[in-house]
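Look at the two complexes coming up: chain A is in both, with chain B in one and chain C in the other.
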Partner chain A sequence: MQRRASGRTVGGMRALLLQAPAVSLLLVWMLIPLGMTLWFSFQRYNLLNPMISGFAGWNNYTFLLTDPALWIAIGNTLLMVCWVLGITVIGGVLLAVLFHQEFFGRGIARLLVISPFFIMPTVSALVWKNMMMHPVNGIFAWLFKLAGLQPIDWFSSYPLTSIVIIVSWEWLPFALLILLTAIQSLDDDQIEAARMDGAGPLAIFWFITLPHLKRAISVVVMIEMIFLLTIFAEIFVTTSGGPGLASTTLAYLIYLRALLDFNIGIASAGGVIAIILANLVAIFLIRTVARNLET
Partner chain B sequence: MYTSLSRKLLLTLLAWLIALIIFFPIFWMILTSFKTEFEAISTPPTLFFEPTLAGYREVMARADYNTFAFNSFAVSVGSTLLALLVGLPAAYSMAFLPTKRTRGTLLWMLSTKMLPPVGVLMPIYLIFRDLGLLDSLTGLIVIYMLMNLPIVVWMLYTFFRDVPREILEAARMDGAGTLQEVLYLLVPLTLPGIASTGLLSVILSWNEAFWSINLTTSDAAPLTAFIASFSSPEGLFWARLSAASTMAVAPILLFGWMTQKQMVRGLTFGAVK
Partner chain C sequence: MATLKLDHIVKEFDGAEVIKGVDLIVEDREFVVFVGPSGCGKSTLLRMIAGLESVSDGDILIDGKKVNQIGPAQRDLAMVFQSYALYPHMTVANNMGFSMRLAGVPKADRDARVREAARILKLEELLDRKPGALSGGQRQRVAIGRAIVRNPGIFLFDEPLSNLDAALRVQMRIELARLHNELEATMIYVTHDQVEAMTMADKIVVLQGGVVEQVGSPMALYHHPRNRFVAGFIGSPTMNFTEVEVTETSPAGVQVTLPGGDSRLIPVESGNCQRGERLTLGVRPEHLTIEDNGPMGGTVTVIERLGGATSLYIATEDGEWVVMADGEVQKRVNNAVRFGFDPGRAHLFMENGDALPSLNRHPLVNIERRENRIDTMDQQ
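Our next item is the complex of A and B:
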């Protein structure tokens, strides 16, 4: 009995020691930059003009919040996130059902369809920009001409739509991969029983498949949101946020203020806003994951 | 019998059509990489042509191509090995020596992943500048290691949790020390899991483009940053761009195909298995 008790405390000590490197590294990684961002956001700090310094109070925030660019960027971010989520989640569910069926060459077709998720974002964006959406030599332009239509100059006429298309192409496979895994744990007997009772495919989808996928869908939504809020490379190599601010998202606006204007105070205030936005989503995600840990 | 076969054929047709449409940009990129620059931009697009390796030769001829490729390799493998080194003991203790705090620690680790990179861009940039880590491999390795550490710990934890405790206890009864227990039992038992954890970490680091674009310029720039440089006028050389892109994504695509099933756990923090 006594041995057991001491074993437990020794176990506790060992657990602490084994976790110490990971925990302390992550603690430093989180707290120091976070603290600095908060601190800078209340400072007058511009790398190009070292003469300006000192406490800024809420000035950076009021400047940012009264700058129409911020609201345009937040609007663009929300638009992009909502569209991409809609496309990838609805498309992902439908494709998961389709690719769950048995058909010839299913294994290979699945590999092909999840591939875009593994392509680095700069490659995806440039392939789409140059070879798909180029107004003269792109595949889309060729298809439009075949159909007798006027080719579209995607990135100047519909910059945000173009970004949504590229990002959806990258994340649809992610949604599909997760949902396909989830759908495979669906009990076949249950579906068989429902079919015996005369349920049609639509009823089975609506009353059995969809409820079964509920948690997987919510996980996909939350993980995508966290990544989509900080989409950067796709915008960087295609539109650079333009024309004007038409495809500038919050993440890209912060980048513009930080590394192009070198206005650290303003950029940090923007960073704090981005962190708050991300945390609104994160709380829900962590709750869902936590529920799963109980078992 | 007949209806089920025709249904299967119809499904085959539909599924393959969708798969080919989604895969098309990648297919087109690979195809274009074997064209001449002239064929690459021709309209209507050429489907049949005499393949040439000129694009690849042009890219390889650039003295710095090997540097970019090496940087990508060093950064993703280096950060992954470090993350495994730090993450393995943590995951082991969480799975086999759980305490009241384990749950909280796991969730807290997950929460560090939620910090948007742009939110801490400024501090990291300034710290790196002062430490001389801008445009250095060490800097990127550290960032990627920290970026992937929560995922690595989580994924290893879910694999370790599936190992029946009795096996480890039996070994302990036979007098095996912790290190022996881990090296001779746990690692071999969960090797596929550890491997897919490592591969996911490699994939994520290899494809990372926010920090690589913002923190490197030339010396430590990996392939993501190199490809980004094609967005300027040089991007007009499509065959060359395609060749460079194909080489940059090929290994990762293979890894992704190999580990897609196990990867879901890491990507969803064990919420979907």
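Our next item is the complex of A and C:
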């Protein structure tokens, strides 16, 4: 038996044998869909026309990569992810500081502020579509009218902004939850020491609280990133990617190609591109985040 | 370099008084130790001096200036926390320089002062490390360094050594005493450890239940405790107490009957003691001696041999007594022993706990600890 630096015991055929079923199951689970996606992405495969078949070479890819829709979708995806991350992290930090203070009814308030996270995306998208952002019946429209302004038709005028608002609303509670638990682990002595050192509330936030939250922020960014890249229901329910391609993300584009155009080949190629994109982002993230997690 | 005056300080938490009117004067360059059992209010009192807790009533004066409404940073004092409270994401140098950075001191000055403090505390090698990479003793020194760079009038220590192991604690104790000499600063130190209090203090403040029980030099507290609480709290093992009856009072002292039936003349002011009154006799274990025909006796139940000294726990008819005897004592468990004491080292307490003042002041009571310490420093 050897011991690794981490202190875990490794080695021995028996250990390998015992691990094998679980590992191979996971491997199969991952490899078969990946392999099939790769395979289809090189095939001429259209559900509408079974006569078209055979090896396509790089055709699916060249078609996609020369399709302006792809670049628009990638742009939209990055834009949405960045905005939502920015809003949820900054908002989450500020709310965490707020909810860390003592105030009357804090328990109830915490419960309420976290509740959006438990609503399924389809429902929250519908609520936003029909109750909040509806140009006639929506609360925003009503508020605008109260103020004597022209109501905005959110989904046709600002489609991507609307999606960002909805998704941020869903994910802000998650960021808050993680950051609030992190802020609660901040040692009061540190804050008092900073006060003795002459730090005001802003200096304490900047020099003590924020560095303390760095690790939690990394975790929030990493986890949110994984889910935000695959946002689908919110778009499907509200804008359906429109008007035009204004709110089409990569995930939605793949859906469009696969199930509206019934072109499995091109959809698969889109999937492969999505995998590559996700991996690029992940490598970049893990590089920066892992450094934060070390200390 | 500063003086501190507490003028009838009161602290209430939700209507409950935890500090019940404390008066205290801390002289310039004095090392004052607050000591008491947990929950006695010593840390609260320190935090009020620091400005981390508001004052419910009374005044805090630093150098004669009332500071009740002044924030902690402007009181010209620095605090070392029990948990050290280092900023984990900053290097040692940045930890120590943080207060100056906030105050807008230029980087060159900042570095110079940090280096000076690091030199005093022997931290030069560690300036670029983060607190996570330091040992407990090193973190402790950084926390002290953070206080030193501010060059405060008063240093406040909140149980700074309680997280260190025993050997390191002794070492840091000596180092703190050395620092006190070197910096010539006023220091206020909170601890529950009476060894720290006895060894470091110029003046000990014994607190209990938010009230000052006694203020005085370590030797004054040891030899002339003002009441039964101080007598029991200072000294280890704790003082033995027993009920006695007054048989006679005279200018030479109070004659009392011991549990065994013998009587002794204790040289204390008799005050308004009456014959027949019941008092409490207190004798420290180290002032009891094993004597074959001593006035009291019992059976040994436990023996703790420390090498140089031996504690004997003796079950008597009057309850358990502890005798601190010589290391060579031959007694074993279940042996019958008799013991006695020098009446001049015994204490008598009235029913309300107050001590009857001793007729003879102990010669060591007024000795300055500072001279003491310089002697010990020379020996090293």
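A few comments on the model shown:
Just so it is clear, the second predicted complex is superposed on the first by the 255 of 295 C-alpha atoms of A that agree within 3 Å, B and C clash if a C-alpha of one lies under 4 Å from a C-alpha of the other, contacts with A are read in each partner's own complex, and residues count from 1 in each chain.
By definition in this document, a residue touches a chain if its C-beta (ideal position, glycine included) is under 8 Å from a C-beta of that chain, and two chains touch if they have at least 3 such contacts.
The structure displayed is predicted, hence computed values, not measured ones.
For the composite obtained by superposing both complexes on chain A, the positions of chain B and chain C are free of clash and fit together.
Once the two complexes are laid over each other on the shared chain, residue contacts for A:106 go to chain B alone; chain C is not touched.
Legend: residue contacts after superposition of the two complexes on their common chain; A:261 is shown touching neither chain B nor chain C. If you count the residues of chain A touched by chain B and by chain C, you find the higher number for B. Computed from Cα centres after superposition, the angle at chain A between chain B and chain C reads 80 degrees (steps of 10).
When the two complexes are overlaid on their common chain A, residue A:214 makes contact with chain C while staying clear of chain B.
By the touch criterion defined above, A:193 lies against chain C but remains apart from chain B after alignment on the C-alpha atoms of chain A.
Contact with chain C, but none with chain B, is seen for A:203 once the two complexes are overlaid on the shared chain. Once both structures are fitted on chain A, no C-alpha atom of chain B lies closer than 8 Å to one of chain C. Residue ranges of chain A in contact with chain C, taken from their complex: 187, 189-190, 192-199, 203, 207-208, 211-212, 214, 295. Across the complex, chain B is touched by residues 11-12, 14-15, 18-19, 21-23, 25-26, 29-30, 32-34, 36-37, 40, 95, 98-99, 101-106, 109-132, 136-137, 139, 141-142, 145, 169, 172-174, 177-178, 181-182, 185, 215-216, 219-220, 223, 226, 229-230, 232-233, 236-238, 250-251, 254-255, 258-259, 264, 267-268, 270-272, 274-275, 277-279, 281-282, 285-286, 288-290, 292-293 of chain A. Of all residues in chain B, only 8-9, 11-12, 14-16, 18-20, 22-23, 25-26, 28-29, 32, 41-45, 86-87, 89-90, 92-94, 97-99, 102-103, 105-107, 109-127, 146, 149-150, 153, 178, 203, 206-207, 209-210, 213-214, 223-225, 227-228, 230-231, 235, 238, 241-242, 245, 248-249, 252-253, 255-257, 260-261, 263-264, 267-273 touch chain A in the complex they form.
Considering their complex, residues 50-52, 71-74, 77-79, 81-90, 98-99, 102-103, 130, 132, 146, 150 of chain C touch chain A.
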